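Multiple structures are listed underneath, in structure tokens.
Note that chain A is present in both complexes that follow, paired respectively with chain B and with chain C.
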Partner chain A sequence: MIISVASGKGGTGKTTVAVGIAQALEFCQFLDYDVEAPNASFFLKPSIKNIEKVSMKQPYFLKETGADFSRCAEFCHFNAVAFVKGEVVFFPELCHGCGGCILVGPRGAVREKDVEVGTISKGISKPGINFLMGNLIPGSMRTISIQNKMNEYIDRDGIVIIDSPPGTSCPMVTTVRNSDYCILVTEPTPFGLNDLEISVEVLKKLDIPFGIIINRDGIGDDCVENFCSNEKIKIIEKIPNDINIARAYSRGTTIVEYQQQWKDRFLGVIKGIEKETN
Partner chain B sequence: MKLAISSNGDSLESSIDPRFGRCMYYIIYNTDDDSYEAISNKSRQATGGAGIQTAQDISNKGVDAIITTNIGPNAFRVMESAKIKVYSGITGSVRKAVEDFKKGSFDTISSPNVGSKFGMGSGSGRGGRE
Partner chain C sequence: MKQITIISGKGGTGKTTLASSFIKLAHDHIAEDCDVDAANLHIMLSPDIQNNEDFIGGEVANVSDECIQCGKCEELCRFSAISDSETEIKIDSLRCEGCGVCAEVCPVDAISLNPEKQGEYYLSDTRFCPMVHAKLDPGAENSGLLVARIRDLAEDIAVKQDKKAIIIDGAPGIGCPVISSLNGVDYALIVTEPTLSGISDFKKAYEVTKFFNIKTFACINKADINDDNTKIITDFCSDNKIELLGEIPYDEKVPKNLSERRFIIDDPESKAGKKIKEIWNILKDKLYI
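Entry: the complex of A and B
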């Protein structure tokens, strides 16, 4: 079973929840899909056994052929190619590597090469967490290329926890789309609610069951609880606004290591999800 | 000579749109016969590369120079390749810009004057990471 942990708003406690659940389970697979800013390793402290390079196809244009590349420029949805006054201008940082310019461009004048976009680190976190972390090269836009590669390593036999990037754009969608259940972590503030609503919309569209964990419960107002009760969305757990949890976190200590009760509470969350999805 | 001026509206009385890549309109002005054409900028809503696409469209129109307030690095690179002169930092109405241009009061620039994503405005939030 794949459980993704997402949020919408950044900094609500996705990683707190994701690593907490992984530690509560003791034996599971954990994947950090926030490849632009992976941080779960600070808490799970895995011993990394292997680092794999991820590369992507990138076009290059044989300018000396003097060919007309205007169709490549017209085709590229990401505006990575311009063709002006007989000269092709290519912006690799905007290229998504779809290969469309090769298909529509002048035959033989657009070629592909492999370009490194990041790495996937694999290791073990005690006692039995099979840990994977994606890491994107700064400046690259190929977030999804790394996530798609990580998808190949998912072991569906056990429980899989995936830590999602914030937001609700492609990197978040790619993370949650294959999951059997998504935990949305939010904080009870208008900002938290605003992004929560967008995340809920995404998950409904993707038809993925989900529940809410409210983090820093006690701050803000009751807007998130009202929203959940109106929309009949389940609040599956609440983590109180406790400075000692934040202190522990800032030292790389997980909530489960800090307070034993969270092991049982997260196991309860997993039990509830198993019941709901079966 | 053909000019393209980034504009907030479709007339010469419109003010210059400060964003080049995401301008509302660009006005193509021919200084030879003082005719002009206002073109709604379809690249304005592009998720990325708006400046590149706008520059491509303007180049396709056979423009010799552009007048705008702010131009970013990507659009600027396309302009250089297209050998289109860039007059940036210009504000006020489109008509005044054309008149000032004719008087020769502008200097071209040799580098972009704003960074990438300058014209994205608010509302893209963290969803704008991709």
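Entry: the complex of A and C
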């Protein structure tokens, strides 16, 4: 079973929840899909056994052949190839690596090379958490290339916990779309509610069952609870506002390590999800 | 005219709290929300929309009945957007990046690319200044392109109305919308917090601003929750010549004021609000020269 932990708004406690659940389970697979800002390793402290490079294909143009590259520029839907004064100009930051320019360009004069966009680290976190983390190279925009590569390592046999990036656009969709259940972590403020509403829309569109965990319960107001009761959305757990949890987080101490009761509470969350998804 | 983008790497460090405060305190400026998939600035600024435009981001492939199921498109699609079952070719619109390779190779021209509306963008009035903002459709792609659209719109208006500054609320992370929101700005302000995650993501955000050669400032929010980590950030800033504009204390008045849609800088008892005003006083001298 794959359970993703997402949020919409950043900094609401996705990693706190995802890591807490993984520690409560003790044996599971954990994947950090927040490849632009991966943070779970500070809490799970895995011993990394292997770091794999992730690359994308990018074209290069053999100008010395004197070939006519104008078709490549006409074809490219991302404007990554231009044809200016008889010369081909390539903008790598706009390239999606689709291979179209090779297909339509002069035979043999457009080639491809691998360009590194990030890494995937694999390791073990005690006692039995099989840990994977994606990491985007600063300056690259190929967030989902790394996430797609990570999809290949998902082991569906056991329980899989996926820590999602914030937001509601393609990196979040790529993360949650394979999951059997999604936990949305939010905070009870107007910002939290606004982004929760959008995340709920995404999950409904993708037809993924979900439930809400309210973090920092007690700050702000009742807006999230009112929304959930109006929309008949299940609140599956609440984590109280506690500056000591925030302090523990700042040091890399997980909520389960800080207060033993969270082990049972997160196991209860998992049990509830298993029952709901059958 | 100067432009500043507020980013963080890690989400939830206080970007919008700072951006909205600066926007209330500034003059002759434009407000811009570049967090297009989880926008929050409008909650504080209550914009009155004057003009809205559809955002046609990219194209999505569609397959017609003429398909002979040769499977060529599936073979060449690099985004796993095409699945070939026994009976039909299916295109997954969420995976499709609109590259057009499938349409190009189709021997019977059964695939067409259709422009898709992926959101809207707005020009609004607020009680402080004009505001440019957007809403990406839930789950849509091309957030970087939408950010580029609203950046162009804001710059146009700034020139026409002779504005002195554009204050931009950025997105979390370091990916396409963030890079797009930094393109060509004068300054970046990274808001971080003294947690291990905050430090790591701060360094990543700084690598991006350095990569694009943007003059970078920093401030530390909730600075008193971990003094050791605050010291690590302070040291990193001085080693890298990043000007640290201030340390904002942890203050539960921040979410309380937010829930009442009140600006934290207007709460005379808020320590965080007081500090944010001090940070603005330093920043405004850099924006208005």
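The rule is simple: the second predicted complex is superposed on the first by the 265 of 278 C-alpha atoms of A that agree within 3 Å, B and C clash if a C-alpha of one lies under 4 Å from a C-alpha of the other, contacts with A are read in each partner's own complex, and residues count from 1 in each chain.
One rule holds for everything that comes next: a residue touches a chain if its C-beta (ideal position, glycine included) is under 8 Å from a C-beta of that chain, and two chains touch if they have at least 3 such contacts.
The model shown is predicted, which means the values in this text are computed figures rather than measured ones.
With both complexes brought onto chain A, simultaneous placement of chain B and chain C is prevented by a clash. Touch criterion met: A:R251 reaches chain C, while chain B stays clear of it. Touched residues of chain A were counted for both chain B and chain C, and C has more of them. By the touch criterion defined above, A:E36 lies against chain B and chain C together after alignment on the C-alpha atoms of chain A.
When the two complexes are overlaid on their common chain A, residue A:V84 makes contact with chain B while staying clear of chain C. In the superposition on chain A, A:G10 contacts both chain B and chain C. Judged by the touch definition given at the top, the superposed model places A:C170 against both chain B and chain C. In the superposition on chain A, A:P209 contacts neither chain B nor chain C.
Of the two partner chains placed by superposition, A:P240 touches none, neither chain B nor chain C. Look at A:T143: by the touch rule set out above, it reaches both chain B and chain C. Once both structures are laid onto chain A, the chain C stretch out of 92-100, 110-118, 146-154 or 236-244 that overlaps chain B is 146-154. Where the contact sets of chain A with chain B and with chain C meet, they give residues 9-10, 36, 78, 141, 143, 165-171, 195, 198. If you check the complex, the residues on chain A that touch chain B are 9-10, 36, 73, 78-80, 82-85, 87, 89, 91, 94, 141, 143-144, 165-171, 195, 198.
Of all residues in chain A, those touching chain C in their complex are 7-12, 15, 34, 36-37, 39, 42, 57, 75, 77-78, 93, 96-100, 103-104, 136, 138-139, 141, 143, 148, 165-173, 177, 187-191, 194-195, 198-199, 201-202, 205-206, 216, 219-221, 223, 241, 243, 246-247, 249-252.
Of all residues in chain B, those touching chain A in their complex are 43, 46-50, 52-53, 55-56, 59, 74, 77-78, 81-83, 125-130. Within the complex, the chain C residues that touch chain A are 8-13, 16, 35-40, 43, 58-59, 76, 78-80, 94, 97-101, 104-105, 113, 136, 138-141, 143-144, 171-179, 193-198, 200-201, 204, 207-208, 211-212, 222, 225-226, 229, 250, 252, 255-256, 258-259, 261.
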